[in-house]
Amino acid sequence: MNPGTPAESSPLIRIRALSKAYQRGAQLIPVLQGVDLEVHAGEFVALMGPSGSGKSTLLNLIAGIDKPSGGCIEIGGVDIADLGEGELADWRAANVGFIFQFYNLLPVLTAAENIELPLLLTGLTRRERREHVHAALAMVRLSDRSDHYPNELSGGQQQRVAIARALVTDPQLIVADEPTGDLDRVTGGDVLALLGDLHRQLGKTILMVTHDPKAAACAERLVHLEKGVLLSDGVGLSS
Amino acid sequence: MKAVPLSYIVRNLWVRRVTTMLTALGMALVVYVFSTVLMMSEGIRATLVATGQSDNVVVLRKGAGAEINSGIDRAQAGVVHSLPGIAADALGRRLVSSEPVALNNLPKRGSGKPSNVTVRGASEVGLELRPQVRLAQGRMFRPGTSEIVTGRAIADGFAGAGLGETLRFGGREWTVVGVLDAGRSGFDSEIWGDSEQMMQAFRREAFSSIVFRLVDAGDFERTRAAIESDPRLTLEAKPEIRFYAEQSEALATFISILGSVLSVIFSIGAIVGAMITMFAAVAQRVGEIGTLRALGFRRGAVLVAFLAEALVLSLVGGVAGLAAASLMQTVNISTTNFQTFSELAFRFTMTPVIAAWTLLFALCMGLLGGFIPAWRAARLSIVDCLRAA
Amino acid sequence: MLLLRLLLKNALRHKLRTVLTLIGLVVAISAFGLLRTLVDAWYAGVEASASTRLVTRNAISLTFTLPLNYAERIRAVEGVSGLSWANWFGGVYITERNFFAQFAVDPSTYLALYPEYVLSDAERQAFLRDRQGAVVGRKLADKFGWRVGDQIPLRGTIYPGIWTFTLRGIYDGAGANTDEQQLLFHWKYLTESVRQRPGAASSKVDAVGIYVVGIADANNAALISQRIDTLFRNSLAETLTETEKAFQLSFVSMSEAILVAIQAVSLIIVVIIMAVMANTMTMTARERVAEYATLRVLGFGPAFVVRLLAGESLLIALAGGVIGIVLTFPLAGVVGQATGTLFPVFQVSDLTLVLQLLAALVIGVVAAAWPAWRMSRVDIVSGLRQVA
């Protein structure tokens, strides 16, 4: 654990007996079984495991884009398993920033407009939104590319735009699903360094699913999953 | 509920330009047909409505329906002429005109195809009763002669009906001494000559109709009652506007029903086209849908976004079709009016109401074509979308 | 054959899109067929004309009558083998909506000139004997549920008053396009009643609407027509004699503007669905760029790719076309019923079926033309790189 974190503070994320199963025809296929997990604010956690281990499913559940079959997920004191779909959407908009493997930028919007998207769900005025977007672009060092479309940006630049989008609403939690999966070693390294900087400078809580050991090395805590069960929860290389 | 930005919607249409154009083209064509038909129907009505004056009254034989079926003998005509309440002009002449109407089968210029043209036995008073009719060329015919004047559509469309030319019917030659401009009313499609000369030429002893103007238009009911209760008369009276409105009913209704049915059938094709396009759009952007939902946009916002895309698409098609239909206003057409059995020249007429209905029709097509795909898009689960991307 | 199997499988890959395209095609082809049938129905009278019948009318227009005493003189003209006459009655049966044609005819000579109106001998005799009798066509009788012996009242518009006829016979049309929606009654009844009713204009008595002239040799039609018209030139009522076909055509040309519009519109629907289908094929082609590039790599030439796309397009178009053609028949039946007496004959012609098939083919070919051309030219390398 990070020496700067007070041991007594309650965790940001508290997960108890989380389970998730999918219906495939007549069969119920379990993906997660009885997972308990706690994450404190400001932690940088990597979720690792072989394919089919349920790590992405766990990430989706925490991010609020999927509903569990059982158990509870408390984030910032709110049990999101209890929220209705609309409430969950609102909650996500305010509390979660997403970074996907394939960037998931809208191709017909410019970099700035992509970053602005989450802000449209808030009550900010246009000028306020623009200020936030500028700040986010500066943070990922892409201010000179604000009017470029995704197809005019390299993979690494697109991922940086995605990161800016994840940050722009100042969410409690950043979730990243294989953020370096589609990038070469060098570019991937740059993105990871950026994530690390943001974690250290802004104190963001980051939950990252990866199978790339280099990415895992940036995290301070490693959580291993196999066949839907938490295997180990240990210290990472950067703690 | 916060909406997905309009720029996203519009730009997606632009990015898939070819598909957007083809789909909009299909809609534009349907809209063109729909609009043109309404304009045709409106053109017929407008022409015939312009033919009637608000203070004129038309008298026909009871139950005749059209002037060519009607016969009013001289005795009855005399009774009508002496009715109280009929206005007089500046020269003191009573504004009442007894007119024989006959149909003359004449060949058109160019194609030579024959069509029935209305020939009306009129007089100077008859001309006064129709203030919208003026002489565009030449002069009025002299009473007691074989001179005639022709309406503009007839002068242009039929052989021998132009200024200075001669027509042959009823056993004699008639010289065209003038061309009438009837302000786009039914009289543009008529030939006028001296009333008595026409009676002789067509060997008639009865007039077809009597037109007169009341001093006070409010007197109509009383005058009508007087005519219809008079035991000497077997006549009925109508306000001229209503008479001509009824003349256009059958034809205008036939055209608008035929056209509307056709448009609805065609719209199925266009709606199918829109549906195909929107389904493909949804399929192609499944990843984006997942992203938007993950970011916090509601299902409703996704539904509205795709529906809006379909509506913008149909609006583009609708405006294009409407513009093309508007061009039809420059076209002159004519057909035989079933009710009067005679030629009627008219124009495609655009009105704000027709334009509004047309755009509404286009938007409905967009709504119907876009709804199911948009609804499907909204039903998708976030996880499935992201996985499929 | 591999190609056909490939085409079929490809067409079914995107079931929803194929089904929607099919629906559009079916609607378009059957609408096209219906419109053509509508135009044909307009011309039905022309088609049913006999080349051995001429029609003589007043030269001024059809609304003017001819004197009865012309009959003997026309009958005497060289080449004339039969003569009858008819007046258009224009009556209303209950409401204007129940429109159908009514003619006052000289019964024995008229029925002789129109052998395609088939009446049993008993009914024919009954009709000839009863001056107030009438015969109607089978379709008309079925529409109103009339039986022999019924009283049929008509409100006259040209000839005012209420006229009642006793139904003496129901005729069947000899051919598919014979008009079975007419009512025929005695001309003598008309003329006598007109004479007796008050306010009768003398010009209406002994006035004939048209003469129907039977000729022995159809080739002499023009000659005999001229002979008849020359007889009455410079008389009080000059005549215009023409073949029955020309006479019927003159009615059709009255609505020429509408007919041209309908024909234009039937082409428009084909274009609409062509645009829809071109869209479908373009989308399909775009999705399969990588596959087409792969095929090229394997050694299939550009012609194969063209055949794949064009073949799939044609397959769908023909399927839609055939279904559309099959649907045209019941639809024509419904429309025929709805328009009822306006179009006595409402039949889908063989030419219409051929044209429908041709339209489907053209749609299939044109829709695939541009996408196929583009795909055959796709640069293999960039094609392989594309992910749909």
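To keep things simple, chains are lettered A, B and C as they appear, and every chain counts its residues starting from 1.
Just so we're on the same page, a residue touches a chain if its C-beta (ideal position, glycine included) is under 8 Å from a C-beta of that chain, and two chains touch if they have at least 3 such contacts.
It should be emphasised that the depicted structure is a prediction, and the values quoted were computed from it without experimental measurement.
Visitor: Count how many hops through touching chains it takes, at the least, to reach subunit C starting from subunit A.
Guide: So the least number of steps between the two chains is 2.
Visitor: Name whichever of A-B and B-C has more C-beta pairs touching across its two chains.
Guide: So, comparing the two chain pairs, more contacts are at B-C.
Visitor: Sort the other chains by how far their Cα centres are from that of subunit A and give me the top one.
Guide: Following the centroid criterion, the farthest chain would be C.
Visitor: Between subunit A and subunit C, what distance separates the C-alpha centroids? Give it in angstrom.
Guide: 70
Visitor: Taking each chain's centre as the mean position of its Cα atoms, how many Å separate subunit B from subunit C?
Guide: Computed from C-alpha means, the inter-chain centre distance equals 25 Å.
Visitor: At what distance in angstrom does the C-alpha mean of subunit B lie from that of subunit A?
Guide: Here subunit A and subunit B have centroids separated by 65 Å.
Visitor: Counting only residues that touch at least two other chains, what does the list for subunit C look like?
Guide: Counting only residues that touch two or more other chains, subunit C contributes none.
Visitor: Spell out the part of subunit B that touches subunit C in their complex, as residue ranges.
Guide: My answer: residues 18-19, 22-23, 25-26, 29-30, 32-33, 40, 61-65, 68-69, 71, 73, 102-105, 113-116, 169-171, 202-206, 234, 255, 258, 262, 265-266, 268-270, 272-273, 275-277, 279-280, 333-336, 341.
Visitor: Can you tell me which positions in subunit B touch subunit A when the two form their complex?
Guide: 2, 5, 7-8, 11-12, 15, 287-288, 290-299, 381-383, 386, 389
Visitor: Show me the residue ranges of subunit A that touch subunit B in the complex, using the header's touch definition.
Guide: 60, 63, 65-66, 85-86, 89-90, 92-94, 98, 100, 102, 104-109, 113, 117-118, 120-121, 165
Visitor: Going by the contact rule set out above, which residues of subunit C touch subunit B in the complex?
Guide: Those in contact with subunit B are residues 16-17, 20-21, 23-24, 27-28, 31, 35, 59-64, 90, 155-158, 160, 199, 201-203, 234, 236, 238, 240, 250, 253-258, 261-262, 265, 268-269, 271-273, 275-276, 278-280, 282-283.
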